[in-house]
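Working notes for the structure below.
Per-chain residue numbering starts at 1, and chain names A, B and C are given in the order in which the chains are listed.
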Amino acid sequence: MAAFFDLYGFLCIMILQQALLGYSLYFPLMAGQLSLASIGFYSLGGYVAAIMGTHPAFEAWRATLGWLMIPLEWLAALLLSVVLAVAVGLPALRLRGIYLALATIAFVQVLNVVVLNMPIAGGAVGIFGIPQAFESRFAYIWFFGPLLLLTILFTLRLERSAAGRNFMAVREDELAAGAMGVRTTANKVLAFVIGCALAGVVGAMSAPFLNTWNARQGTFDAGVACLAYVLIGGSRSKWGPLLGAALLVALPEVLRPLKDSRLILNGMVLVLACVYMPRGIAGLFAGRRA
Amino acid sequence: MTLAWFLQNLLNGLSMGSVYAIFALGYTLVFSILGIINFAHGAVFTLGAYLTYLLSVGQFGINGLLAGWQLPFTLPFPLALLAGAGLSGLAGMAVERLAFKPLRARQADALLALVSSLGVALILVNLIQYLFGAEIYSYPSDVLGSLPPAFIFKVGGKPVAVRTVQIVLFVVSLVMLAALAWFIHGTKAGKALRATAENQDTASLLGINVDAFILGTFFVSGLLGGLSGTLIGVSFGLSGPYFGVAYGLKALAVIVLGGLGSIPGAVLGGLVIGLGEAFLPPDLSSYKEAVAYALLFVILLVRPQGLLGGTTEQKV
Amino acid sequence: MSALLEVRSLSKAFGGLLAVSDVSLSVEQGEIFGLIGPNGAGKTTFFNMLTGMTRPTSGEVLFAGGAITGLRPEQVARLGVARTFQNIRLFAGLSVFDNVRIPRQSRERSGLWGNILGSPLASREERETSEAAWELLKLVNLTDRAMRPAGSLPYGDRRRLEIARALALAPRLLLLDEPAAGMNPSEKAGLADFIRQVRETFDLTVLLIEHNVPMVMGLCSRIAVLNFGERIAMGTPEEVQCDPKVVEAYLGAQKRDAAAAGEGACLHSTM
């Protein structure tokens, strides 16, 4: 068992962390909104934690608060994400379908350039030497594990409540939802903000985990990977993001013996999964049960 | 603000803007027929740049599976440009067959086409890396033959410099635009293409081979992508297999800015972003990469259908 | 009786085309009011303006005495105006039961966290919503298929479910957009009875668009006729039926000439 964790511990944590980012896109998708903004909020949350963890201005805070500084970083990332998500979401969510996705891509690109130009964020090099919260990498399961559990519980409850049904009504038919008294804009913004807030907290947890933080955390490719977890896992299932992340994060490891050609195979898996599992991995199980 | 300064920026902006325009048109053509965005377009851009480089220089050297391997022949740059673009067109067709056709046949969720086209992009980009390595390559300075590297003239006593490459960018893009306009509006095939874009079912009832036209559209789209990749590559060098990603995203901003699916819109959007970047004040130059997206974000909020897009009002 | 809905010179132009032109009418509390007219007469555009889905170019809509012009669809719905759609717009992927629960829950006061944590208020509201929705499913005989996706129901059931969904808003005014489209004569008769019954049970006012003249003639107390966006007639079924302009709009100039010759052509009122 110990040997297993030595070998695959890091991978396990990565799966949990990436699955959480998948869930951050699952909520907007539940309300029919295709967003790629999560990765920007993830990056932002990481910067918040990195700055609070390393910048001299917070030295006194760190000395006074000790380990309490870490939950405070999460809280700061959460609040900043919520405020920014509302500010971005209110205008952007008037857009439908692919327009919203493109607007969120644009938002992430602008955010990256702005961050690169902020001296406090360390420019292209980023911030490093972020204090570790635990001795071993695997211990970060105490961060990501409970958060993932809470997220899944949240999703379970949401799906069976009036709030979740409002989201799904907007997804099924926005116009009819409005005619049936559903506050369409408020629900779209709410679903978007939940996702962004989650991504911000995951970023804040990831900064100490990864030890360094820079603009490469928020690339377009990484953002699309999050979407791929949801779609490959199954966008209509609460298990989809977890299944998708497990497959797509583990795959490059499994393919490691193939060295340089493994990313080519990774691409092929994406294509084949789209063609042969249009409802995702979760769809395979649902299909068998039916 | 002198006249020379203005002219210099205008020329820089027009030259980049025209390349953005033809690259963005590759997205527009596919979008107008299938209503989806081909996220592999950026990878075809990269592929075009690498293929033309290989055909005109003859080797990549340092790393990758093909390290040290030498092409038995080399082509003069104009021919290599055409051949590279043509091969990119074929790659565009392969993208359609791999990423889009199987999903269309299954009437799958349009979102999946986004992921499958990204999958194909991943395959292409990593194939390039696998074969040629991740190094930066620049064209030799004599790639344009005996032409001087730049023309300098004076306006009001101040010099204005036009790199020969910029002229090539501009002229090739204009020729492509003219050819495309003629193809779409002046030929029978173009008419059928427009009919297919209007309504696929009606088009197939009229006896148009829709499948063949989709494939043809991807060829033209890939050709435009490869060509613009080569032009950018000649101008700024090939900065690794991923260098198309950033341009691919920027071209997305171009098409949304102009209006999704609108061909004049893509041209206008390209020029607006090219000029916007060129005229950015020097002290904001580190924000150059954000110009396109900031413009896009603003335009989406003010005019969601883009500068030249039609109405987006939904039918009840 | 007082006017529940009052429409004052409502117009909508799409580009240069006037889809609805200067239409005024008022619907009294408790009546079943019919809006008829040939295809493309502007009936659905008119409905869309009443429900906030299309912004009128000019004119005013008053509901229960207050202006609702320019409100968003959900605001209009929450004031008590429910509608169905010509081409049925159910939440096809959701269950029949959820389709009816969604409009009902628009009156709930518990928020996201109450829902997630299961606060007493949220639990009570969830129970009330489910009970009310179940009663409506009983009314339309769909309880046995309550958990199936709405999109899997046969056509006639989807029409009835859409009406039940609209009723779940507990509206004062029900707008029905061609509820009988695609039904055979016996189904149409059943639907007319159902609409009467629903109006009695829920103390409703009904405004319905119908293409099918006989059904409207038998069901409605008053009728307005639209043609090319203009209101060309309004009155009781008997008055409207033999109005030369209405006859012309429906049957063309030929019949009008015959009518002028003496025998007085009318639209048939039998189904």
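As a convention for this text, a residue touches a chain if its C-beta (ideal position, glycine included) is under 8 Å from a C-beta of that chain, and two chains touch if they have at least 3 such contacts.
This structure is a prediction, so every number in the text was calculated from the model and none was measured.
Taking the mean of each chain's Cα atoms, which chain ends up nearest the overall Cα mean?
Located nearest the centre of all protein C-alpha atoms is chain A.
From the centre of chain C, which chain's CA centre is farthest?
Relative to chain C, the chain with the farthest C-alpha centre is B.
Using mean CA coordinates as chain centres, what's the chain A-chain C distance in Å?
Spacing between the chain centres: roughly 43 Å.
Averaged over CA atoms, how far is the centre of chain B from the centre of chain C? Could you give it in whole Å?
50
State, to the nearest whole Å, the distance from the C-alpha centre of chain A to the C-alpha centre of chain B.
30
Going through chain C residue by residue, note those that touch at least 2 other chains and give them in order.
53, 85 - these are the residues of chain C that touch more than one other chain.
Provide the list of chain A residues touching at least two other chains, using ranges where the numbers run on.
Correct list: 175.
If a residue has to touch 2 or more other chains to count, which residues of chain B qualify?
316
What residues on chain A touch chain C, complex-wise?
Spelled out, the residues of chain A in touch with chain C are 154, 157-158, 161-166, 168-169, 171-173, 175-184, 190.
Spell out the part of chain A that touches chain B in their complex, as residue ranges.
34, 91-92, 94-96, 98-99, 101-103, 105-107, 109-110, 113-114, 116-117, 175, 220-221, 224, 227-228, 231-232, 235, 260-261, 263-264, 266-271, 273-275, 278
Touching residues of chain C toward chain A in the complex: what are they?
Within the complex, chain C contacts chain A at residues 51-53, 72-74, 77-78, 82-83, 85, 89-94, 98, 101-103, 105-106, 108, 110-112, 115-118, 122, 125-126, 129, 165-166, 168-169.
Which residues of chain B touch chain A in the complex?
36-37, 39, 98-99, 102-103, 106, 108-109, 111-116, 118-124, 126-127, 129-130, 245, 249, 252-253, 256, 260, 286-287, 289-290, 292-294, 296-297, 300-301, 304, 312, 314, 316
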